[in-house]
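Structures given as structure tokens follow.
Here come two complexes built around chain A, the first alongside chain B, the second alongside chain C.
Let's look at the complex of A and B:
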């Protein structure tokens, strides 16, 4: 059984959330799922789509990958995905848990999980600390937009905690950038 | 400028949320974005990934689509995506706003937005009503899992409203199924 489902409409109708909910429900039903969405000008008015493929079997994703930036928070993920990183790509990894083999490109090890636990008494903000670090170092998105996006998506009771995690990520990035010179 | 970014680690580290936040931040920076993630047994422990492609130009997604189910909440989305629906696929559309051309497969028109506004005084639950209807009619995921996934993803203050929306979606589906016979 393999089914392809598209949820389509206009931006602002909550279809990305609906696609994620459908995906997570399918996982609870012990299925394998690939989920994708495109964003763009159309997500602010025109047509938008969220695609979900639900299957009993592993879904092979035919798209070639050629990563400019790889964030790895576990050894297993680093081992599995390093082959997709461009030779001059950025590898950012959690040095609390990963001993990375040397690579050609720039590799940046920061003990994200350790810092999260030390500063916030929880590993739950490791994602936001490391994402903020990534954004600040690579300048892939502005920190202003990152904060707005976090505020829009994170549960209200966790917004303060996550804004503190953003500040921690910026601090780590500034330290890294000043040491790199 | 086109950049491919992968956020990787283990399930439960919040990387899907981080990928969505990164995508939405990039949109706020006026970029175009394609975002995808795979879920599976690995999302409960092994390696998981969330991919984001950020570009100044439209991103062409090379994957062929062959939809089994298409939900369309606007005329524009129906017009644009009907060509991707299998000839025996399900089209579920919002008949409050769409006048659909006849198609070969089964087409189901329900005035989702009108019902949302009439019953809940807001169109915001149109996504959950229509998603629940889709799940109940096509049996793509169990309603039990759907409810659990909604509770895990929706902001706490909206959970009650969304559970009522689920019940409304089930009611509409049961009515549809009994009339279809």
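Let's look at the complex of A and C:
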């Protein structure tokens, strides 16, 4: 099984870190993993992306070209990367900035940034809330591994904040899953 | 930027970070460089790590100064390296030749980007393959290695140091931008399992020492400045003692020595990976990231029953003439896939006997994008 995931948004939203955390969680789940990211001016603003390929087998080609999962935190990123999403792939977008579902089919819109600001008084945890939501809904990695990967990556003084963000992400996912039925 | 080195369990590692771990495990003691995309992380990490060990990192004024500093540090006895990209590699060519002529071990990493000139700073290309071979003037053999995975970025950095110390010559590590920047799960070997080579030191009294002593292996012990041995280093063609000579026999001796220390040891220097080549009727020849695309394409083509395989050089210079010739003997077509306007194809043509392969196919891409498995599959379908 091979899955291609793209975390997209604008530079500074912490999506590169989120991609690294997702990759390290996948390694803890005994998967093969390959991560790449936008390099150049867009990583300092503009639309940025972090691609993660997770597989049971050796990953040869390093580019994500047929996305199974696309997370978009900005309209620009959604517009730019939708063409790479498989027809039956997951689109998860931040509905606090993307007001209309960008595709004809089913997509998941959650106001991640609004929730982050409302509950945590900072948008900085938007990446972890949305990543956790993505992991819980798609089951791409286990929540246990995700938590361990976050703890290993973020500075000690921010672990508590990030664990709260994880709980928020799980809550949103559980709500979404129960509503979807 | 993590450089944790956990042996035996999988870690997520970036290509440039893997180079630094390889260099540190090989015992690098000096880095002189001028940061340039897409190699910057190598300088960035070593700037942090080398001082922790009491070793030296210096950012020079430019790449000419960088390689000069590296050569100087090496001749003072330190394992030395630099890392750059095409524009910097161009500036290093003169002193690279000096290092070869004067037999100074060191490692030069060139993470290639689109060229010529400043070209495409953040995009991949394989345009420096011939520059690595002939960028500096005059007859000279060269050792250049080419990884295709993050683990190999680590392993071939160690190997580059080992070969440079053993054969007393600069060694080039050629990398693709894609590998330099991507991260992959890798399992590093335990440190005590590594084979680390150090240059041979002289065991004669200083007054007997000759810096380029004649011997049948063309490799002689090397003293460092400051150890009490007196010797002379010059870019001019020199005799055993290192002083300039124009005596034809001595010139011949030195030129043969530079050449034959490499060509007499091809078995030790050359590494090549055959992938599904046992029964292959069609061969793909590719290095680095293109070889990864080729592997993906081969796995898919094999599912359709097409007998296709890959020949991948890990040592790109000296070119693996005999291995390539032998492996191509039983194939009826070869596809040379490279991210340039045609550099490797002429090497493959050179080593195949005249008329043996009527069918050469090429995939050449130089627009800043990676050759994809689909592109290779289409060419396989055309050939099959």
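Keep this in mind: the second predicted complex is superposed on the first by the 111 of 181 C-alpha atoms of A that agree within 3 Å, B and C clash if a C-alpha of one lies under 4 Å from a C-alpha of the other, contacts with A are read in each partner's own complex, and residues count from 1 in each chain.
Keep this in mind: a contact is a pair of C-beta atoms (placed from the backbone, for glycine too) under 8 Å apart; a residue touches a chain by one contact, two chains touch by 3 or more.
The structure presented is a predicted model; accordingly, all values stated were derived computationally and were not measured.
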{"item": "Contacts of A:65 with chain B and chain C, given as first, second, both or neither", "value": "both"}
{"item": "Touched chain A residues, chain B compared with chain C", "value": "B"}
{"item": "First, second, both or neither for A:23, with chain B first and chain C second", "value": "both"}
{"item": "First (chain B), second (chain C), both or neither touched by A:35", "value": "both"}
{"item": "Touching both chain B and chain C, residues of chain A", "value": "20, 23-24, 26-27, 31-37, 39-40, 59, 61-63, 65"}
{"item": "Contacting residues of chain B [partner chain A, same complex]", "value": "3-10, 13-18, 20-29, 31-41, 43-44, 46-49, 51, 54, 58-59, 61-63, 65-74, 76-78, 80-81, 84, 94, 124, 126-128, 130-131, 134-135, 140-142, 144-146, 148-150, 152-157"}
{"item": "Chain A residues touching chain C - in the complex, by the definition given at the top", "value": "20, 23-24, 26-27, 31-37, 39-40, 59-63, 65"}
{"item": "Interfacial residue positions of chain C with respect to chain A in the complex", "value": "10-12, 37-38, 121-122, 178-179, 181-185, 289, 292-293, 295-296, 299, 370, 372-373"}
